[in-house]
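Both complexes shown next keep chain A, but they swap its partner, so chain B is in the first and chain C is in the second.
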Partner chain A sequence: MKTKKLLKRNEFYVAVTIFLLSLVIQLRSGQFFTANNFVDLARAMIIPGMLTMGVMMEIISGGIDVSFPAISMLSMYATLELLLKTEYDGPVALAFAVATMIGLCLGLINGALICWLKLPAFIITLGTSSIYLGFMQAVLKSHTSSLLPGPVSRMVKSFLLTVTNQELGISSSLPSVFVFLIIIVAFTAFLLKYTMLGRGIYALGGDPVAAERAGFHVNGIRLFVYGFMGALAGFVGITRTILVGSCQPNSLIGYEMTCIAAVVLGGTRISGGHGTVTGSLLGALLLTMVSNSLILMGIPTYWSKFVTGILIILGTGVSAYQALKRQKQLAANVLED
Partner chain B sequence: MSDVMLQISQISKAFGGVQALDKVDLEIRRGEIHCLAGGNGSGKSTLIKIISGYYKADSGTISIEGHDHSKLNPIEAIMSGIQVIYQDFSVFPNLTVAENIAMYDAVASKQKLQNWKRTAETAKNTMDKLGITIPPDALVEELPVADRQLVAICRAMVHDAKLIIMDEPTTALTRREVDKLFGIIRILQQKGIAILFVSHKLDEVFEIADNFTILRNGKKVISDAASNVDNDKFIYYMTGRAIKKENFTPKEIRKDKPLFEVRDLCLEKGFEHISFKVYAGEVLGIVGLLGSGRTELAESLFGLLPSTSGDILIDGEAVRIRTPQDAIRHKIGYVPEDRLTEGLFLGQPIENNMMLANIDALTTKRKMIDWKTLHEHAGAWRDELSIKMGAMNALITTLSGGNQQKVVLAKWLEIQPKVLILNGPTVGVDIGAKYDLHAYLHRLAEAMETAIIVISDDIPELIENCNRIIVMKQGRLTGEYSNKEVTEQELMSAVTAQKEEADEN
Partner chain C sequence: MKDKIVHFLKADSNISRLSILLFVSVVALAIMEPDIFLTQDYMVSMLYLFPEFGILALGMAFCMISGGIDLCVVATANFSGILACIFMKTVLGDSETPGAGIAVLCIAVLLALLIGMICGALNGVLIAKLGIPPILATLGGSDLVMGLAIALTKGSSVTDIPPALNATGTHIFGNLFPVTLLVFILCACFAAYQLNKTTFGYKLYMMGSNATASRYSGVDNEKTIMKTYIFSGMLAAVSGLLMCARFNTARADFGSSYTMQAILICVLGGVNPNGGSGKVRGVVFAVLILQVLSSGLNMFPSLSNFYKDLIWGAALILIIACNHVGNRLAEKRLLGGN
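Entry: the complex of A and B
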């Protein structure tokens, strides 16, 4: 019974794929199961790992978001500009706080528009994405710059641990901001599983009318979900600057699709109501491995998009096929009844 | 404190000039099963919404267990023990049975955290109380419809329900599931819970209800014990007209050449070796349980599921039906099982829905739509079938179920069908409209132009309307009966006998 249940889940197939892919990479390059590679993967997981938590929550609630890269970049750029202009030199926490607040406001704008106009979230966020990006480029006249405020700049060199490969003489370091990934993942997992707000998000995604009849404040839940994504995106903006070591206001354009792909690959249903933290993390890990580790096998990086596409179709296809079989089974039961 | 659970007196409610309820009284005692009946637009839904606190009455009083609650709101209604089970059940398909059952209670308790242990306990206790065994960790979307309804009933029970309102609870259920539901309703009754049961299926009302109240045009017509009335009286109260229930007997059957014939028709995984004839003047009934292949047969005749072998003959000539377009070209009309998903375009006006099947004929020489003729034809069908509607260009969803079904029928009558197949034609249709539809089918049969086939599992309906009834079981035809000779019980056992046989296999 337990194994049967496991076989129904997308997470299982993603985990198997990850395992097989890592074996193949190991056989071809001998470089996968090394401390260096693990640290590099963990580092590469920070941004997609955080963002998928927010997107997953939105998709579970029956919505979607394509504006979070724009929110992230705008919050990041505005915060850095502000700190540079004021020559701020206090704790770096303020940079995170300011960017998170800006992101929260932008996310709440999304949420409010969705509640108020009752338009599909896709259309609203498509619009606001363009507005946020345009605002950053036109009003703030954004440009790439390596000049960072002091506190942010100092964070760039803050690592949890460093591993060095003696043979090759390469060392990889895990940035301190990795801690935030763990905190955010733990928070999201707790929220979704153990709070009534989290259960409300699932309920809303399952059937909005029923959720309202059950006494959930559905608009409040929607506001929370989009606000959370916005705040998270703002936070990620600063995190990313620290990882990259410079201010790159256009670097996340198009990243929404990668995150949505990771979430869907991890078993979250695009129609809402279903999704797990484990699944989304596995999805993000698989896509990160494809874009990070294919190069270890000597496959040119531009193939990674191709492989990602195949994985999305296969990965979601397996569970869709299972669901179809289940439905047929159900119909057959009716026949017997 | 007396044992009156709910007392409603002189309730009135108007919506912008339309008097939805006019001085209605209703009294329900503890442990009473009370049936609320009435045609569409009789005010049933308005009354339910007032009892559950969603609407405020313009005048009149509501008292629950002797306390005045004339300004009832939804929360107060739930707190007083009133629970509504909606037609769509309002369960969460993506959540487990246990979480669904415990959900209302969890939300109402204003707890911030989800307590999984308590959820499991609540679900188990409630299901035990009612003798229901559904795996608590199954997802609701994996359950059959009847089980979803049981989940909704359990959920209502959790909240210390004293009055459970069920809005047409049997519409989507098979006979066997209805029996199970009634068993549970009786358990609820023994626990002193009052049930307000909304239905317009007469046999069910007489089977389960202690008392009944009938509304018509917003007024209470009668409130009495179910044992005090019979079928005919009940229908009279509901429709305001005496409807004679008389089994259909064709005035004349032209036996020389069948209008429609099926020879040895087979569909892989659907049905096999189906042969029958329909003569002019007849209404043929096909009865079978869910899964007997009855719907597959209908869809096959209409080209939705092209048959794998066999012949279809219209007026003695073999025709090829591979697609619905073929069927329409050969003047076959099909009133499907579920009008909402298969029979109508819900986002479209009444008129477009009505004229759709014949749209090719309603064009001018330049291949533009001939709106003038179209309007005329639509108006003619409205009068012919006495469809109650406002404007022709209003959305189809503004009509009641019965009138929607008449529109579906009109759509096919407009092509002047040689063959008309009706699958469950009166599901969710109120008695008045049901009578109209039946009467029209009889007239259509007497016009000798159309072969009429009614497919259904509603045995009384078939006996009343079809002069010949054939039984379908496990994809085969297993018997033929005349409605003059067969009784409901005989036909029922012919249909269910196959069931036991199937179980043994």
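Entry: the complex of A and C
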């Protein structure tokens, strides 16, 4: 019984795909099962891992968001400018706090508009994304710069551990910000599974009317979900600056589709109500591996978009087709009676 | 008398709102910068530019009326453009005869349309036969098609295209009437005909307002969805050819902001994002407004180009909010009238 249940879950297939892909990469290059590669993968997982948590929550609640890269970049840029102007030199926590607050406000704007206008979240966030991005590029006149505030630039060289490959002489380091990924994932998992708010998010995605009748404060939940995504995006903005080591205000453009793809690949239903933290993390890992490791397999990087497209279609197609077949079966039964 | 006016405004409030907006923006620009705006060159350049994203918006309108969305339009446009250009290059080689150029161009256009239809059919199959939600299906389709385009061109551009394409695409009849405008008018007429005069259009509106009801009324929803996305792909291919003609190159990443603009135009033009309503004339008005405002912004060099993003986004949210408030008021009036 348990294995049968396992076979029905998307997570299982994603995990199998990851395993097979890693075997293929190992066979082709002999570079996959090395400490270096694992540390590099963990490092590459930090940003998508954090962002997918917020996106997953939104999709479970029946919404979607394409504005979080814009929120992330705007809050990051505004914070860094502010700290540079005031020549701030205290603890780095303030940078995170300011960016998170800006992100929270922008996310709440999304949430409020979605609650008020009752239109697809996709269209609303497409609009706000354009506003946020335009604000950053036009009003704040954003530009790439390597000048960072003192506390942030000191954080760049803070690592948890470093592994060195003796043969090749290459060393890979795991940045300290990796800790934040673990904290955020644990927090999201706890929130979704053990709190009333978390159950409310699932209920809202399953059926908004039923959730409201069951006594959930539907608009409050929506505001929380978009606010959380905004705050997370602001936090990720600073984290990314620390990872990259410079202020790159345009670097996340187009990243929303990768995150949505990762979440959906991991078995979260785009229509809402279903989704797990494990699945989303596995989805993010698979896409990270595709973009990081194709080159190890000797496939030119310009194929990576094609492979992502195939993965999205396969990952969503299988479960969607099963649902459609069940629905048709049901409809046929009703008609026969 | 008052009733009549109210009735007229209500009957097509969106169109009247849009025509007022268009009129006001044209007059405002004409007063502010008459030396630039009112010249023939400027007018023609506006007419020359808007068909590219206008045609994409027409395709997007089909999908949005059906209750879906097509995020694949730009990828389809670039992919068909690239294939058509490669085809022309290979067949024509270095030959200089203009007659052969035109003949090959015609075949290339047909080829591009075919590619666009295939891309659209791919999205249609994913949505209708597999039941993937349109956002995801077209997102995956977009990655797939754009991935193919990138792989085919190895991320660089296709250059040295035979001059026939550029010469035809940028031709302006009598220095007044660009070819692109003619293409846009043809596409708009085609779209309007499909939506208003065919059973397909009727089924499309029905399916968009309630898919279950239309299925139980005997409408083949799957076929309607397939047709919708095939039309969208075909129109995207036309737009792709226009882009290739203007730039005289083909690339996988042209017009990346056009998806957003096409959606904006549809919503601005009164197409309901939830499906079921929308008119071609609304879309045409919205395209014109967008182009007038965009050209208007270009006249002020002190404003950076990035302000456009800000303004488009704000316009989108504002229009949605206006429609929402308008609908609420209308509902209240209806309830009060009873």
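Everything that follows uses one rule, which is that the second predicted complex is superposed on the first by the 320 of 337 C-alpha atoms of A that agree within 3 Å, B and C clash if a C-alpha of one lies under 4 Å from a C-alpha of the other, contacts with A are read in each partner's own complex, and residues count from 1 in each chain.
FYI, a residue touches a chain if its C-beta (ideal position, glycine included) is under 8 Å from a C-beta of that chain, and two chains touch if they have at least 3 such contacts.
From a predicted model like this one, the values you see are computed outputs, not experimental measurements.
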Partner chain(s) touched by A:His143 [first = chain B, second = chain C, both, neither]: neither
Which superposed partner A:Arg28 touches (first chain B, second chain C, both, neither): neither
Of chain C and chain B, partner touching more chain A residues: C
First, second, both or neither for A:Ala210, with chain B first and chain C second: first
Partner chain in contact with A:Gly198 - chain B first, chain C second, else both or neither: first
Which of chain B and chain C A:Trp116 touches, first, second, both or neither: second
Chain B/chain C common contact set on chain A: none
Touching residues on chain A, where the partner in the complex is chain B: 193-200, 202-203, 205-207, 209-211, 213-216, 272-274, 326, 330, 333-337
In the complex, chain A residues that touch chain C: 64, 113, 116-120, 122-124, 126-135, 137-139, 141, 257, 260-261, 264, 270-271, 300, 302-310, 312-313, 316-317, 320-321, 323-324, 327
Residues of chain B defined as touching chain A within the complex: 75, 86, 88, 90-95, 99, 103-104, 106-108, 111-114, 116, 142, 144, 174, 176, 290-291, 502
Sites on chain C touched by chain A in the complex: 69, 126, 130-133, 135-137, 139-148, 150-151, 154-155, 260, 263-264, 267, 273-274, 303-304, 306-314, 316-317, 320-321, 324
